[in-house]
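The structure follows.
Going in written order, the chains are labelled A, B, C, D, E and F, and every chain counts its residues from 1.
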């Protein structure tokens, strides 16, 4: 059964199409890594899949409320402690075991620290722990290992593997090696949108008047 | 849902959350006006209800930009938008949290500051009533303005500019309640109007605010 | 052919470009003619020569309201049908509307000095106009503050919608507010039917002139916006390539 | 010259202010349009 | 030095620079007060000078956070600190730019808005004089407050709280000038005091502001 | 003649020492690259050299007003054009040929664009052009090639070489290869500050009460 099916997708940023004609499916237990040069549109595509912006063209098929999204900004509140931050997101997404997530990302020792006192890498780990408490099957991750050191990257890979083994799936954009050999890779470079006025509805002002 | 409200309240009362700043600003405003218009009771008494309402309005205003901007900056807003709570509920809850941390303290503080402005005693009750009915509308309209300007850096002044005209009906009926009440008249009509505005605002503005947020998120 | 077709920028540029010279001539003739004719009308027995102000005041006041309504309609078209040109037309209309409001306020204030003995009175009608000006200012400020044109169009559209409701609400609130003070003692202006034909015809010409002037200005300003958008779009595309 | 009576100042001020404002918006619209056209043409010519 | 002033003026008047917003806010404030205190000339006339001054103060206040924060965010402040201009001159110049883009327009607009509040004609001249002398101090003190809060996210309300008490002497003497002048009295004394305050502020506060900036940069 | 001499420097961030005991000299015509893991204190050290914060211990010797500093934030104003941005900094630093800087960084075609309309890489190039117009001999650069593509990195290396040949010097912190083979490299890892109360004045509240 496929958790996510993308058909002929075109996404736009700043009123101009970034990539178009992207199609892929993602089944339970699979991971897909998006690659491509800076500015090709990886982030934009992920935000479309997460439902944060609308696709210009094409279809995204998936069950409702199946996506957990994580980007550079971790959505952490500096004034709240690690546990409080995590518990909040667990409650919002309805469920998820906070203790287990803390253990998995080796944050138990820091549980009562305010998030303000974490280093960049620790913050990132907390942001990944948040994914576990959402209880969502499809993880959409934008450069998940930024500012992680080598040990934490391995821990992250293990986390993703466990998620896949549990019937989840992951869609990730990254520039570096995640240590997930089994993941499929999709290079977006060939899908770069062709300049010129495309047929159909313009993606925004910039396309409407170009 | 309750979790969101609880978090916002916790954040407001922790260090750096700015709880109480609005009341302090209100106090300073009430203290400044006598310096401007002169200290005589005869000068202050007639304008006291108006000044208190305008002061409450401005204090409310200055704390608005925090409603969504902080969550936008740290990415929480993206995550809330993908959470299984409708964005309309998020805006309404955040407006509620703003009201509890800003509007309610203002309602409590207003009678005290009324003394500074020689507000007549029989008007105090009506002041509280009018603020209690009116301030929720201020928070909700403010949340709308905050949602529109959330993407702008340093949009505080623009936010004020957009929101203040929307506050006019609330202000008019709010002070009218006090004036009629203090004169011994019957303030039922303005009370009904004010309550009607607040109810209408609570029912409809969350949708406009959520729409604005969605635009700003994409 | 449906009217929606004109929302296509290319077609809009072509049609408006062809119509503009004629419209501009008509607008100039009617506006200047109406104003001049009004200026030459005889004095009113009661208001003296100040009656001549009506030929500026009334058309401007009328347009001030109508332009906001037009902006509301254009915003709705944008929000529902996503026609880019109509969003730009709403943007283009706002400064014209603000100027019309200013003219109505300024002529009214100047007129009020001899008639009422005061420059400004918190009369419901005048107050409503002041509030309208505030809404225009907010709308214009929001457009100029947001860089991304797509967001700006959506957000100003929403603001226009909400603002319209509150402008209306404010009008009722203001009526309540001031009449609650001095019962019935409102400073209402002269009723229309008292106006004799000497004044009526120049007023009609002037009103038509202001309407045409508005049309010309909106077309020109929309064309400006389209050109700016096109330049920005070409630059953005070059940057992306 | 027509006689405006004792309200001459009032009437002239009203006409003056209005015409000034109208001229202002007309001029601004025209200048902005000319400028936008110039810039667009310059860009399209330079490729 | 001139280059810095010119750049700040250019930035303020370009799109998104917020030029004119302060005046618009001032207008809204002046329009709101009658809704609060009632439309009667007898109620408005005595409080007009005070309201105008408090309004000017608040309008000034809301544009303060732009003085340094934008330069801080985009790194310009770091570069200015390493430039061969003393940071004291930078703060003074930025306060000057703020005054030109905010204070001066307020001075120009105040008499017009005075009409709305039925400010007596003979007071208008004194209003202009008092604002002209007083507003530079508002900008300079505001720059000090902005320098202190430059590192805080959404510190607008705190900035207001810090700065408003510093504005009190200026406000007192400013309105006193108008009151005495309108009553036909001799406003020389408050004018001298106000000018003295402004001169003192201009001479000393840049050093405090520069010190605060240095702390916030490291 | 040495443009910069650093003796036994200790720098602190957040009230805690980051690195200590760092010494090096930089002569005219030389480039020095600082390396080290995230959070070791490269940025902090550079800001000390630029005079933006005070050293906790040790000495920095150099001529007054000899440093031009450039960090992640380029100090560009989105509303000003490329030329206006550059001219402003040229005037502030008293001199510098704007035209020449534009040519060197291949920005002539974009001279009249507002900086808002530049891509990330173009912005970065403008930020580097700013260095040229300062006319300062010692360039202090914090991760100068972030978001530059390969061609621009080469152009940057050429720019630095020209600066060195003209009697200048450059001190840079970076994680990646800049293509400046002749530059010396200083790894900061061995200088990580030892925890525990150091002798002498504490660096801040956090150290004073540790």
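Just a few scattered comments:
The criterion applied here is as follows: a residue touches a chain if its C-beta (ideal position, glycine included) is under 8 Å from a C-beta of that chain, and two chains touch if they have at least 3 such contacts.
By chain, UniProt protein names: A, F = Heme ABC exporter ATP-binding protein CcmA; B, E = Heme exporter protein B; C = Heme exporter protein C; D = Heme exporter protein D.
In this text the structure is predicted, and so the values were computed from the model without any measurement.
Common partners of subunit B and subunit F, by the touch rule above, are A, C, E. Between subunit B and subunit D, the least number of touch steps comes to 2. When every chain is reduced to the mean of its CA atoms, the largest separation from subunit C belongs to F.
At the far end from subunit A, in terms of centres built from Cα atoms, lies D. Two chain pairs are in question, E-F and C-D; the one with more C-beta pairs in contact is C-D.
Put simply, the C-alpha centre of subunit D and that of subunit F have 51 angstrom between them. Chain centres here are Cα averages; for subunit B and subunit C they lie 31 Å apart. Touching of two or more other chains is recorded for no residue of subunit D. Shared interface positions of subunit F, defined as residues touching 2 or more other chains, are 78, 119.
Looking at subunit E, one finds that residues 15-16, 18, 21, 24, 28, 35, 38, 73 touch two or more other chains. Which chains touch which is summed up as A-B, A-C, A-F, B-C, B-E, C-D, C-E, C-F, E-F. Those residues of subunit A whose C-beta lies close enough to touch subunit B in the complex are 47, 50-54, 65, 67-69, 71-80, 84, 87-89, 91-94, 130. Residues 31, 35, 39-40, 43, 48-50, 52-53, 56-57, 60, 95-96, 99, 102-103, 106-107, 110-111, 113-114, 213, 217, 220-221, 223-224, 227-228, 230-231, 234-235 of subunit C touch subunit D in their complex. Against subunit F, in their complex, subunit E makes its touches with residues 2-4, 7, 10-11, 14-17, 71, 73-76, 78-85, 217-218. Contact residues of subunit B toward subunit E in the complex are 18, 21-22, 24-25, 28-29, 32-33, 35-38, 43, 46-47, 49-51, 53-54, 57-58, 62-63, 65-66, 69-70, 73, 153-154, 156-158, 160-161, 164-165, 167-168, 171-172, 175, 179. The touching residues of subunit C, when paired with subunit F in their complex, are 147, 232, 235-236, 239.
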